[in-house]
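Presented sequentially are two complexes of chain A, the first with chain B as partner and the second with chain C.
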Partner chain A sequence: MTRRLLYGIPLMLGVTLVSFMLMVYFGPDQTYELLGKNPTAQQITEVRHSLGYDRSFVVRYVGYLKEVVTLNFGLSASSGESVTDILKRTLPVSLALILPGFVLGNLLGLGFGMLTAWYRGGWLDKWVMTASVVGMSVSFLVIIIVLQVLLCTPYGLNMFPVRGWQVHDIGSWLYYVSVPTLALVLVTLGYNTRFYRAVMVEEIERDHIRTARIYGASPFSIMFRHVLKNSLVPILTRVMYSIPFVVVSGSLLLESYFGIPGVGLVTFNAITSGDQPVLKAVVSLTGILFVLVMLVTDIFYKWVDPRMLRS
Partner chain B sequence: MHKLFLLIFIMACLLLGACGKGDDVAQAPLKTYRHSMDHAPGSLDPAQTSSIYANFIVVNLYDTLYRYKYLARPYQLEPNLATTLPVVSDDGLRLTIAIRKGVYFIDDPAFEGGKGREIKAADFVYSIKRHFDPETRAQGAWLWQGRIEGLDDWQTQGSDYDQQISGLRAIDDYNIEITLTRPFPQLVHTFTQGYSAIVPREAVEEYGQGLGNHPVGSGPFKFSSRNSSHAIMAKNEDFRKVPFDLEHEGYNAATQGNLGLESLQGRYPPFIDQLVIEFISEGAARWNSFSAGEVQFIKVPVVNFENVLSSVSPITLRPELADRYHFDATPEAGFIYTNINMADETIGYNEDEDRNQRNHALRCAIVKAFDWKKNNDVFFHGIGQVFPGIIPPFSSEFQADANQDYIERDVEGARELLQQNGWNSENLPKITYGITNTVTEKQVFEQLRSFLTEIGYPPEKISPLIFASFGDYYRAYSQGKVTLINTSWTMDYPDAENTMQLFYGPNASPGANSSSFNSPEYNRLYEATSGMAESPERTRIYRQMNQIVMDECPSITGITRTMLFLWDKNVHMLPDRSFLGGYFMRFVDMTAGDVTTQ
Partner chain C sequence: MGGPTDVAVVNAALWHRFSKDRFGISGLLIIVIFAILSLCVWFGILGQGWAQTSGSYWASASMEHWFGTNRLGQDILDRTLVGAATALEVGFSVTLFSILLGVVLGAISGWRSHSWLDEIILWAMGVLDSIPFYLFAAALAFAMRGQYFAMHLAMILTFWTTTARIIRAEVMRLKQREFVEAARAIGLPGMTIVFRHILPNTVHILLVQATIIFVVAIKTEVILSFLGLGVSNGVSWGLMLAESSQEVLTGHFGNFLAASLSLFALLMGFNLLTDALQDAFDNRGKIV
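And now, the complex of A and B:
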């Protein structure tokens, strides 16, 4: 564990260096966003100075590392709000928004993957695979807008809100999260089904599965006790490594179109406006999240496949 | 297998923990008005309200000395925190402004004992000084730069707030005296803007840059909360009691008689308990949200114009919508235009007189190639107002019967001009066209390229320069890296002086004159009119300046967008997004049927 953590340090340094160069050093310049009309050269210099743009690369990068270590990213250059407060406020919202769709999308994908793998080549397999391709081909944006019209407006069922996030309890949460969840499930289900099917098909063709079939084991027993169990490593890899993306950027379109104040929307606004304190915080946290995910995934690997512990 | 279920259980726990955090909106029955805006504002510090979105909110949270009358069109100045319009000396250089007594900032921990104190004249002086303090990172200094005696020197001397300024001082607690370096008739207009809103020094010192997220003002509303999708404000119960006077606000029964405003007479604004402003940049989501009744006002996205209008001339709402909503079609206070970089010697000014002449012909050929009708039809549903030059329809100096040659497409004329001046596909210079990274702007570029191709410009010589943000784009064209600068101007006050300065030489990039146009005659006339208030003589000169711009062809200009507003029938208001802007919020009222219980 300690060794893994130590491995994480150079990884974090690499991530912060690359992200600092791309997003901060060579990223959007906020000077001109902050200037008034008819600025003088002196005003331009003053704003650049106040943003720290006139400092050397090394000084700025070291300052950035210090912020990462202390987790103090200062105030948002756009709104003046503490970046820590922004993240505290938005991360739980994004999690509450994304997790149901993420979990459901994966569980349904897993279910369809198992079904289609078992009935490989049959009509069910063909229908599900065709539907998956269709699902993968439709733009997320189109899905969102169509669902909004069908479920949230008087032109359709008008059962759910188009926008907003006034969540106080499970009931209100379900009210606001249902349509975004449905959109997320629809857009991810095709990818998930195809991936899980491929994993299952590979496992189902192994000798021990054929042996189990010959011995007359039930399909349920074969799929859940042998195929699924032995496929957990690639499944875990896919699920776990999706988490940083899901938390930070996966919710961007949903948050934007459903007016949900999560971290994806904050990140998007920070990118377009060049709000570097927010960008630095998000990029760093994504990096940290990746390292943590790597560590946890490693533990899970050993848990689901004890051979890895021995190796 | 139990391990898989354990994993699922862990995720479910995370989820339940997360959904405990919610956005807390008021629980009690409230008269809540929900307004939609097409962008989110940045900081709510008055010193940083450069966007119309931030300005819209700031004037509801803070007080300014002046505002515009709610219903009068053309716009008329109206005292807000001031008691009357300024008393101006005969030479136009000294203004005295009295402010209301007994107006208090809202309660806030920044004040001693947490109790809001009375606003004094010194607070206004302090608020203007902040724009000249580099620490503030303010955006409004340009309004007063070089105009108020001693203010620029105060900055160069170190921005010490305890140091007096000769031209900006509080005579006593309720009187302000301003001394100008030269007459500036538009000064009072600048005191209607969010930039000039009055902030207490205690709050600035307490919150610093955080003031942008912790407003402490004396406006009709108090800040409750804000996130990336909305802002919530509550009625300021202690807002000064000034009864609403329909006639005084410029009511016109013929055009405004159906808005339900009569019931406001004699009552004390603000009339609603809670103001929620939703930031919805996606047009489809904004329209769906409005259709579902989640917001009560919408600036209709252009893509929805077709579904909303039954005719464009005259602009008429579809009957089924007219039954449900109030409707207003109003020109935007500003215009869209494409500047040609005059500092680029391949197309702008050139020291070689012959090349200079040829460049002039090239620019005019480009102007002739532009098809405003197609541009209007494709991007503005044909209801934008195309006009020649730089005096938009919003200004009183606008000349409706002006010669339209400058905006008439003339492909043959353009080709001829190129040919006569020795231009051909081989020697035409490469052109870059600056845009931010949106689909619409890319389409605008492609349309322009097709127009230029028709006059013989090789398409491979016209390329887009795409920028991730407006800031990056602004930097690039300010540094002369863009040939054709696709831009727009939103007027700061209802006076054409605000657009005439767009082509004044000393305002060249990075200033507002992004074409870096520099005509000695234009500059001379601009300076000659700088102290003049609106008058027939000034109008005559402005039109002469407009002609100079058109003769020199530094810009493909222009079009004023027409905005369509829809709002619920039971919301009684006349919305505005121009100079009155957010000031109308204090006058919004709703009938009982619209009171929302949350």
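And now, the complex of A and C:
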């Protein structure tokens, strides 16, 4: 536990160092965005000084680090809004957008994985596996475009909005979230099914499961009480480790395509405009989230598999 | 793990097994066709009119324009072919360099496991893995002032870690084996043992890994180009899809169908190849 926490420190240092170098040190120069027309040489120097451009790499990095550690992210450079407020506004949107697809995609993948592993080699297995290879060969972008044409335009059902996010109750949430959710499920289902199938197949081939099958235990009890329970470790690892990316990266394409004001879109805009306070906040929070996920996964492991307590 | 003859026998048996896999062969065939078309584009035989505008906008398929034309009257077939060349160029260079980086760093870290060098490599992998990829790619694109190769670099710098982890584990496993002990006993230098004797035993893993990275790289190129972080002065299927995302809403499907179907075919080819290779190698034990 403490070892994991200690491992988190160099990791956070690395993440902040990379983000500082890419996004701040070599990032967009903001001098002229803050200046009026025809600035004097003195005005330029003043602005550069206030942005810290005249100080050394180390001094600037330590300053950046200090802000990250104290979670003091300040005000957004482009809108003047407090970064904490921006995150409070956009994080729930991203979660509401991504969670249904993430949960459904994993549950369906798990279901198909269990079915195909149980009927391994049969026609169901072959069909589902073929479908999953087809699914893995379709680009996320293509899925989004097709779904939009089929569900959101007069060429298809025209039942859902093309763009936007005006969510105030469950009905409007379903209205805006359905198409993105479907896209997310379709793009992940092939990968999820194959992953869960591989995990299940490995477990089903163990001697005690074979014995249980020969003795005629019901498939339901074997799958849920033995196979699923024993394969919780790889499943949890996959689910846990995808959380930080699902929240930030996974939503970027959906948010920019459907014009949904979530964390992904805000961060993307911050990169293109050089809005450093927002970038600092998002990158360091993702890093913290990653370390937290590692800690929680460790605790899960010990809870799921007591053998791991000793190692 | 004997001499070269044994290796040749195993390889011949693997090839025999692979050649009986109809899906794998068709996958390979698709890739070869795309590769030939791309080579023709590079050598200036095909697709040269991709930027040429004409007076016929939104033309439907005809003898002159097989896939029709786009809103500038450009030939969609030519653009699709150049897009294929772009996809394969990105896929190939990203796969090559990220596999190389992953093999070298993974081998060093596995051979010298639990040393400070290993710790540093593990730390670098941890750091790169915990930065969201699209943010990393966007930041790199802007730090490099929108250079074309920023996209390649972003993918190479993040994709090598998977290969490195696999190779590290594999080297740690293989270095316990007798043939490595024997090589040590006769005083071979460490790097010779790793690169001449251990790594050749991981080629099958690398081959599968390469096909997987190829798929991810092509998919990522399309999305990066769509987001405006990838190809900007040429043609990419991602750019064609970006154009088409507005066009399909007004009933023009030429760009969309051409780009998405070629993308699907190429990715399908690689996925079929990956599966066939995995199947052939999974049963390696039964041949030897």
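Quick note on the criterion: the second predicted complex is superposed on the first by the 279 of 311 C-alpha atoms of A that agree within 3 Å, B and C clash if a C-alpha of one lies under 4 Å from a C-alpha of the other, contacts with A are read in each partner's own complex, and residues count from 1 in each chain.
Quick note on the criterion: contacts are C-beta pairs under 8 Å (C-beta built on N, C-alpha and C of every residue); 3 or more make two chains touch, one makes a residue touch a chain.
All figures in this text were calculated on a predicted structure; none of them were measured in a lab.
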Residue contacts on chain A - larger count, chain B or chain C: B
Touching A:162 in the superposition: chain B (first), chain C (second), both, neither? both
With both complexes overlaid on chain A, does A:181 touch chain B (first), chain C (second), both or neither? neither
Touch check for A:90: first (chain B), second (chain C), both, or neither? first
Kindly classify A:145 by the partners it touches after superposition: chain B alone (first), chain C alone (second), both, or neither? both
Please work out whether A:100 is in contact with chain B alone, chain C alone, both, or neither, and reply first, second, both or neither. first
According to the stated criteria, A:256 is in contact with first (chain B), second (chain C), both, or neither; which is it? both
May I ask you to decide whether A:192 touches chain B, chain C, both, or neither, giving the answer as first, second, both or neither? neither
I'd like to know which partner A:248 touches here: chain B for first, chain C for second, both or neither. second
For A:14, decide between first (touching chain B), second (touching chain C), both and neither. second
Residue overlap on chain A between the chain B contact set and the chain C contact set? 28, 145, 148-149, 153, 155, 162, 256-257, 271-272, 274
Of chain C, residues touching chain A in the complex: 123-124, 126-128, 130-136, 138-140, 142-144, 215, 219, 222-223, 226-227, 238, 241, 244-245, 248-249, 251, 256, 260, 263-264, 267-268, 271-272, 275
Can you list the residues on chain A that touch chain C in the complex? 10-11, 14-15, 17-19, 21-23, 26-28, 133-134, 136-142, 145-146, 148-149, 153, 155, 162, 244-245, 248-249, 252-253, 256-257, 264, 267-268, 271-272, 274, 279, 282-283, 286-287, 290
What residues on chain B touch chain A, complex-wise? 1, 3-4, 7-8, 11-12, 14-15, 17-25, 40, 42-45, 48, 50, 134-135, 137-142, 145, 207, 209-214, 226-230, 278-282, 284-285, 288-289, 291-292, 294, 468-472, 474-475, 478, 492, 501, 507, 510-512, 598
Under the touch definition given earlier, write down the residues of chain A that touch chain B in their complex. 28-40, 43-44, 46-47, 49-50, 75-76, 78-82, 89-90, 92-93, 95-96, 99-100, 103, 107, 145, 148-149, 152-155, 158, 161-168, 170, 172-173, 224-225, 228-229, 232, 255-261, 265-266, 269, 271-274, 300, 303-304
